[in-house]
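Each of the two complexes below includes chain A, the first together with chain B, the second together with chain C.
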Partner chain A sequence: METLDLRGEKCPDTFVYTKIKAEEIGYSGGGKLKVIVDYPPAVESIPRSLAQEGKGYKVLEVKQVAERTYEIYIEIPAFED
Partner chain B sequence: MNLNEIKRYSRQLILPDFGTKEQSRLKKAKVAVTGAGGLGCPVSTYLTLAGVGEIHIFDFDRIEMSNLNRQFLYTPEDVGKPKAEMAAKRLSEINPEIKIEGINEKVTYDNAFELLKGYDAIVDGTDNFAVRYAVNDAAVVNRVPLFHGAALMYEGRAMSIIPGETACFRCVFPEPPPAGMIPTCREAGILGSVVGIVGAIQASEAIRYLAGLEIGLKNQLLIINVDEMRFEKVRVAKRDDCTACGEHFIPKPVEDVCTVLPGSEASGVTEGDE
Partner chain C sequence: MESIRAYFGSKYRLVGVKLFKEIPEGYPTPAKPGKFCEFVRRAALGETILMRAEDEECHQSLIALGFQEPMFIDIQPRIQPAETKAVLIAPVEEIPDPDVVLMIATPRQVMEAAALLHGIEAKFAGEIAVCGEVIAEPLKSGKANVTFLCGGARMFADYKDSEVILGAPLEVFKELETKVKALEKSCGALCGCKTSDLPPRVIQVFSELGFERGIDYFFGRVDSQNVRIYLNKDINGKISYVTIHFPVKGEVEVTPPFQARKRGAWTDLYATFKDGEGFDISSGKGLKELIEELAAKVKKK
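Presenting the complex of A and B:
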């Protein structure tokens, strides 16, 4: 599983980098991605924005691992083309 | 995509139907913009900002003081300088990640077919019928999608032409109006924001098309009336007997009658324009 460490980033950049990485995984056959953030609003906005993409992203789990550190686990399907 | 590109395009990359694949399609695209005037300025600016990889701007005019109410890429110090070159220079400063070339050449019926070959799209910002028909016929024959726009006074028009699929400009307007029927820009006037609206619409259509997204002005002529702020779409249809895109192509140069279509101000095509 790939990990994207976005500690220090705020919205909407947290989503910009998540989306770019998710597409990279999707266009190369799909897989899972762990995103680490320390900006609390991103914990809600990343899953919401992923859902709006309509690409079949699935948020498997959102875990708080430290006082201000969260891990978001995303399943990414294989994209066509 | 390098980090600069990710940051530069981040606000469009997070659009739900737009992503890295769409952005890379834009980067691979080569687009011709005919005219660097009232329409050419917003068109080429938005194509530049969006990250179209290669933009060729055709115009042979020089910058005049009277251009400056709408042609925002130029300053008073630029008066007398060639538009295509100055536009390319300014736009290259705005986005150094892409390739922009200013081509100081007059587009005519004789050279359009050769000049406008090998592009992924043409966005038309010409200001007279001779060149507008030349650009249409060249686009259709070379099978290059054409994004038409025109503006005059408080009115504008736009239409997207996909050769082999949609109506072309000549399907809708087989002949130009008689000389003298339509006033010129100089006589009728134009507001900068009106060409801005039309140019932004042409650029939006071209960008979405190049990115592989659906567009809204196929077989539709958009008519904009800014004094009442009315926007209407009129359905248009491809004609089998069209001399440009019908069964048999017939070259049909249109004489330059020094007029502009209601809606068509731009630049770089008629000598002595403005």
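Presenting the complex of A and C:
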């Protein structure tokens, strides 16, 4: 599983970086991605924005690991070229 | 509310925001989706917008404004429970009974508003800002708040770096309006237009009356009293008010038309008059008589 550490980033950059990484994984055969954020609104906006992409992203779990630090686990399907 | 805008010299209109649990008829919806903070800015420039959930691009705003409940964590501030179906955003005069009023302002304008409101306890975090910090938060607390906006608002909604937003329930802005109107009548603190900005004819009038020219007032002595005279503009920028001020050491009788303020051992006795009501600023006609009449009314206790 790949990890994207976005601590220190704020919206909308948190989603933009997540989307770029997710597409990279999707075009490489799919897989899982762990995104770490310390900007609480991103915990809500990243999953919703991914859902709007319509690419079959699935948020598996959201875990709070410290005060204001969260991990978002995302399953990314394989994309066809 | 126009008097607030005029007092603060804002180029933006005050924005009213009203939340609906049913979508109301008869209001224009945006041609394409945008962000609430962007719609607020457009309303400050005169537009009326009815924002439904499908018109909002920002997920955080949907939560903060009560369109949706959070799915994963409880982010705050937000309107709860989430029962909002539409939000009307428009110049405040065009919304009957808005829930919240917003003023796009400079830090200086917020400072002046805070002074009039006897302080604002601001609560902000740079996230969920226009939708949360100055809509949900004032609705929850019933008090004014200030937001310095969030990354999204700064990036997408075209706010200037020098702009922040003051938000408060309508009642708070009504209080602000009352104070601003009172200041218009009393010309506020004892200060006036800079005399260097006055027309030469007006300066000549006071010179002919025997008054010296200070930075923002004229001063002289009448009937053994020190007198200061301040000239103030109305909300249209016209010099329309004259405040005649007698600084008196000790206690004095305060009788109409005087008002008084204590300043240490001194009492500031002052009265404000509108141009045209018995005198004329541009010609000086009637001014000397008015000042002498007032000086005769200054009575030490």
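Following the convention adopted for this analysis, the second predicted complex is superposed on the first by the 81 of 81 C-alpha atoms of A that agree within 3 Å, B and C clash if a C-alpha of one lies under 4 Å from a C-alpha of the other, contacts with A are read in each partner's own complex, and residues count from 1 in each chain.
Definition applied: a residue touches a chain if its C-beta (ideal position, glycine included) is under 8 Å from a C-beta of that chain, and two chains touch if they have at least 3 such contacts.
In this text the structure is predicted, and so the values were computed from the model without any measurement.
Superposition model on chain A: chain B and chain C are shown accommodated side by side without a clash. In the superposition on chain A, A:Pro12 makes contact with both chain B and chain C. When both complexes are overlaid on chain A, the residue A:Gly31 reaches neither chain B nor chain C. Of the two partner chains, chain B is the only one that A:Ile20 touches; chain C does not reach it. When the shared chain is aligned, chain C comes close enough to touch A:Pro41, but chain B does not.
Of the two partner chains, neither chain B nor chain C is touched by A:Pro77.
By the touch criterion stated above, A:Gly54 is placed in contact with chain B alone, chain C being left untouched. Across the overlaid pair of complexes, the angle with its corner at the CA centre of chain A and arms to chain B and chain C is 70°, in steps of 10. For the pair chain B and chain C, the minimum alpha-carbon spacing after aligning on chain A is 9 Å. Shared contact residues of chain A, touching chain B in one structure and chain C in the other: 12-13, 49. Against chain A, the residues of chain B that register as touching in their complex are 1, 6, 10-11, 13-14, 16-17, 19-21. Chain C contributes residues 58-60, 63, 70-73, 75, 126-128, 150-152, 155-156 to its touches with chain A in the complex. Listing the residues of chain A that touch chain B in their complex gives 12-13, 15-17, 19-20, 23-24, 27, 49, 52-54, 81.
Only residues 10-13, 39-41, 43-45, 47-49, 62, 64, 70 of chain A touch chain C when the two sit together in their complex.
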